[in-house]
Amino acid sequence: MQLIARNITHRYGGRLVLDDISFSIGEGEIVCVVGPSGCGKSTLLRILGGLEKADEGEALVAGEAPEGSLNPLTYIFQDFALLPWRSVRGNVSLVLEDHGIRGARANAIIDDVLARTNLSDFRDALPRQLSGGMKQRVAIARALAVKPAIMLMDEPLSALDSQTRELLMDDLVSLWSREPFSACYVTHNLNEAVRLGTRIVVLSRRPGRIREIVEIDMPIDERAERLVELEKLQRHVWEIMREEAREADREIANV
Amino acid sequence: ADKINVGILSLTSHSPSIIAEAKGYFDEQELEVEFVSFQAAQPMAVAIASGDVDFGMTAISGGLLSLADKGVVKIIGGALQETPDVEGQKILASKAAHDDGVKTPADLKGRSFGITTTGSSFHYMAHKIADKEGFDRSEIKVKPLQKVPAVIASLKSGQIDAWSIVPNIAGALTKGPEVVEIGKVSDYIDNYQVTTVFTSTSNVEEKPELVKRFLAALSKGISDYNAALVDKSMSEEETAEIVKAIHQYVYSDQPIDKADPRIRAGAMRINENAALSMASVEDQLEWFKSEGLAPEGVTIEKLVDTSFVEAR
Amino acid sequence: MSDQTANAPIKREPHEGLRPVPFRGGGFRHRKLGPVAPVVFLAILLVWELGSRSGFISQIALPAPSAALAALGDLISTGMLWKHLGASLYRLLVGWAFGSLLGIAVGLLIGLFSLARAGLLPLVSALFPIPKIALLPLFIIWFGIGEGSKVATILFGTFFPTVIATYGGVDNVDRNLIRMGQSFGMSWLSIVRKIIIPGAMPAILSGARISASIAIVLLVAAEMIGAEFGIGAYILMAGALFALDQLIAGVAILSILGLSIAWLIGKAEQRLLAWRN
Amino acid sequence: MSDQTANAPIKREPHEGLRPVPFRGGGFRHRKLGPVAPVVFLAILLVWELGSRSGFISQIALPAPSAALAALGDLISTGMLWKHLGASLYRLLVGWAFGSLLGIAVGLLIGLFSLARAGLLPLVSALFPIPKIALLPLFIIWFGIGEGSKVATILFGTFFPTVIATYGGVDNVDRNLIRMGQSFGMSWLSIVRKIIIPGAMPAILSGARISASIAIVLLVAAEMIGAEFGIGAYILMAGALFALDQLIAGVAILSILGLSIAWLIGKAEQRLLAWRN
Amino acid sequence: MQLIARNITHRYGGRLVLDDISFSIGEGEIVCVVGPSGCGKSTLLRILGGLEKADEGEALVAGEAPEGSLNPLTYIFQDFALLPWRSVRGNVSLVLEDHGIRGARANAIIDDVLARTNLSDFRDALPRQLSGGMKQRVAIARALAVKPAIMLMDEPLSALDSQTRELLMDDLVSLWSREPFSACYVTHNLNEAVRLGTRIVVLSRRPGRIREIVEIDMPIDERAERLVELEKLQRHVWEIMREEAREADREIANV
């Protein structure tokens, strides 16, 4: 399945937030969207996943979702969005219940996704007992449980400390290497973008416009060994963005 | 047997119906009586209007007149009445006011007078004192204090200057140093019909037989009550029997030996056969209207049904 | 690595089976529906009025709104409204002001000193739930039947919630801000004045909101004792005379009073807490 | 770049003028001071008792605590305590349970539907501040003098705060959790059942805490209407007889009742909200 | 002035948090302390600044504070710790008021520090109107206002998004280049540590023990051009810490 943003423009209360955004996400591709604070990245991702309606333009899908996909477009949120009153397994089973999957079938799926995210020992823990990194792993497990065609990830690592972020990036790479998934990966962090993206969509500050789309031809699972090359690429993207970021940071909220 | 609810306050003056029940007079009339206790007369009147209670005894108040005006309750007989032959309500002054020159009710000009609520019998008495002593009603400052105990506390602590109340409470108060008796209500109000028997209009109109049977039984209770507690013409055993019956509802939280003298002290004459003093009722109605405490439209006909008892 | 400049034509867009992403983000959001509230109010009043006129709602159960309005009109035309309101507002203001000031003072003590907390807090918790009407007989003895007992009733009623709101506010002041103050060597008093009290202010104001509505509820109880004038006294008199039209008029005045005070506190919050969003 | 392994001797430590960093992090922390509260309670009781015995506190101003205790003893020995408590608890329980259930239902409506919010919320805000004692005469007509009007008084008193707590709780449910539910295609009912109601539960329970204390305060008002038994009726009767010892005993019972209910709700919170810290 | 940690050991409720930590911070040095979540970094910094008392060992200072230093040991906090009800200048003047500095003298100091942190245009803004990066700049301005001898910085950049972090790191470097300051800089982020530290103290997971102290001889203001060398150093530190971080992340809170 492919996801296509076609000329998406959006306003909030008359204020232009996104201006004519078009790009596409192909099978097995991770498209990273980077841009300064408040440039509309989260809004764009909400529109792509059907949680918000664009003022102009549209989000389109093409092709069939893979066999057995319960929720083709599945989010992973920055703040994890776990129900604090449900255990790890309860949080995963939550998204299966509405599809009528319970009992042994649910258990099989839950066991599988928890094993893939190294969470088997934490089945019965409550979210508050887990570190941030573990919480985000639970959210990833929950997303895997519905067999998504495309994952929509809104700064999945930015609530984590940098060491945990490093660990989770490794986990994401190894998940992808075993079974490549497609994703739209929104982030502030250029390091994440160059480590995970097959393509990087660079947005300007608000109103978000596409400044540049950078293709990265290096296979994702080789990148850990080619950090010096990536460092250069990251510098390049940062050069594009530095002034935008500085201006965005110095904006004063007129509240 | 017909089931009726009778509202009572925990006062000795409400005991005729208790006696009638204990002695089986209601059974004779084939009435099955349930007593309902109230803390104050006002809710009892409302309960009779709403049909939760069938009969009650209460002073004539603004609330009762308002309900009579709406055509839902009627006075059907008289109960407590001030007569020259028994001790009646007393006018009391606080020690402080007494020391300050309040020796007779005439000195109440410019003084404060405790009442429970606007339009209560206390309010009426205060104004009657003013009328008779010849000063303006507004010169006696009435203080609504909601409840008898609040008035007592205020009087004892000298925060109000005067009050009027039934003799047993008055007696208890004047025993202490804080309160002095300065007069009698009967000097100011002739034949004061203090309380009346009343019921709902629907009972009067739809079940006059029932009302008659209730009054018949009540009258026998009244006779026994007067004989035992007011005239004291009954034998001591019979009296004790009656006091014991009353004790079920009055001062019931105290042991009988403590309650007994209090019950006896609280007795005031109740009109035989529930006779009603129309003159007094008319006077009271007049007063309420003149003070704007009763709706304009209420008349003596709306208020009283004289077909059940002797009206004098 | 190849770059692609903005607005270049999108490559690789597939043309078979394109369909929009289904929308699933609806609901759970509050739309503004302007004139619903007045319409509902008017509808209720209309049904009530018609019910009363047709006799479907009995006179002794509820007076017609027009009757209550007429009673209100009487109050205004005789000028009694201002007398009643004036007396009540004076009691409210004095009782609430002193209750709040004392409550804030005690709340700060409890919030700042472990000893005060250990000694006073259980006392406050034990006394808070005591219904003030139960104490009226005592209040008469303690404070007399003049303004004293009325003001005291309201004062007691507002004191306890203010204490609880205040110490809760102090407890919730960001510990990091206090630590910051200490790390810059600020004095104890400076920290209390410049960090703790402003930080507890939102909680204190929302406590004021609660205590104001408690004060209005207690007005009726307070004016049970020897009050000639006052909205509470007016309601009690109406109840005693079973003048339901006046009763409803009095209750409506209280309700309006409550809404006005809430509105005023809202304004105060907007000014004092302008630094919040 | 040179490495230095752990616990190697520290180089370059200067030896002149070494002095400790001054401590400045004290205060603003709550120490536990175990037995202060009981000591304060006992001290107050003692002073009060001695004051009463010596006549310093007038008998009519306040009875001695021993007298109140004796009155409590009488209540227990005559077995009346259980009669009074039973009657009151029944009213509290029924009134509070129905008030809370209705309140939660209406609160959910207001929280979930814009139309209900626009129509009902202003009504709730207008009716909330009305003092229940003002309505007693009407309650008698509407609900009779039996248990009806007593339960209704408590029901009305608890209904409004529960509504407000509930819709506030629904409003404060993390919008991101709702969005998460939608993004996984959960049905409206599932989102309400599995996300919104559990998310609003802490607010609902703290609303229950408030409404329970309001219910106890209203007990006295409720039992003004033709109650033979009940703690409120007992207090009213004690007030009527000016039996201050019984009055204080009754008030103490209410206070204990309030603290017990708060404790029970605390337990319920611990169980139902075990997922919180 | 120098700051010395000598054999600091600390427990919370019987649980060992810091175990025998010793190191020193010399004039003009930035000592970075890195370690996994919960290893006691913040506790250590609180002890160094006199906000908490160590169970054993002690924090010592040697030498005189520079002329006119109002608060020799001055913190910069992760969460900025600005008073939300005071404007930018109010927040700076807060720390001068207790020293009796008001009026013109205060204004001169405030103007100077706001200029050094590029905040002159934001004098009258309230904290809520500022982006995270601007807030931390205000906190830095406030710290500069008291002329600290040594700055104690507790993850000053970790609440910021990675682009803002990049910008602020540049700012810190340029502040340091103009007038070298001493600092104890606590962080999770190895990239920050290698960019700013003259020395890196690497702690183990809880209980925090010193695993290694890495000296970096490269001048701080040259590092932006020698990123590839730093990258290697960062890898080295990460190798030391990776397993510690993974274990720390997988710890379950026993609450």
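In order of appearance the chains are A, B, C, D and E, and numbering begins at 1 in each one.
We adopt the following convention: a contact is a pair of C-beta atoms (placed from the backbone, for glycine too) under 8 Å apart; a residue touches a chain by one contact, two chains touch by 3 or more.
Chain-to-protein mapping (UniProt): A, E = Aliphatic sulfonates import ATP-binding protein SsuB; C, D = Aliphatic sulfonates transport permease protein SsuC.
Predicted, not measured: the structure shown is a model, and the values here were computed from it.
Listing every chain that touches chain C and chain E alike gives A, D. The most distant chain from chain A, with centres taken as the mean of CA atoms, is B.
Mean C-alpha position of chain A lies 44 Å from that of chain D.
If each chain is reduced to the centroid of its CA atoms, chain A and chain E end up 31 Å from each other.
Taking the mean of the C-alpha atoms as each chain's centre, chain A and chain B sit 83 Å apart. Per-chain Cα centroids separate chain C from chain D by 17 Å.
Taken residue by residue, chain D touches two or more other chains at 24-25, 60, 136-137, 141, 179, 182-183, 185, 236, 239, 242, 277, whereas all remaining positions touch fewer. For chain B, the set of residues touching two or more other chains reads 42, 46, 49-50, 149, 153, 157.
Residues of chain A in contact with two or more other chains: 49, 51, 73, 128, 255.
If you check each pair of chains against the touch rule, the ones that pass are A-C, A-D, A-E, B-C, B-D, C-D, C-E, D-E.
By the touch criterion stated above, chain E contacts chain D in their complex at residues 2-4, 20, 22-24, 26, 46, 48-53, 58-64, 73, 209-218, 233, 255. Listed in rising order, the residues of chain B touching chain C in the complex are 42, 45-46, 49-50, 61-63, 65-67, 70, 72, 117-120, 143-146, 149-150, 153-154, 157, 159-160, 293-295.
Those residues of chain D that touch chain E in the shared complex are 1-8, 10, 12-25, 277.
Partner chain C is touched in their complex by these residues of chain E: 49, 51, 70-71, 73-75, 77, 79, 81, 83-86, 94-95, 97-98, 126-128, 146, 152. Residue ranges of chain A in contact with chain E, taken from their complex: 36-37, 122, 125, 128-131, 133-134, 158, 161-164, 166-167, 188-191, 227-228, 231, 235, 238, 241-242, 245-246, 248-255.
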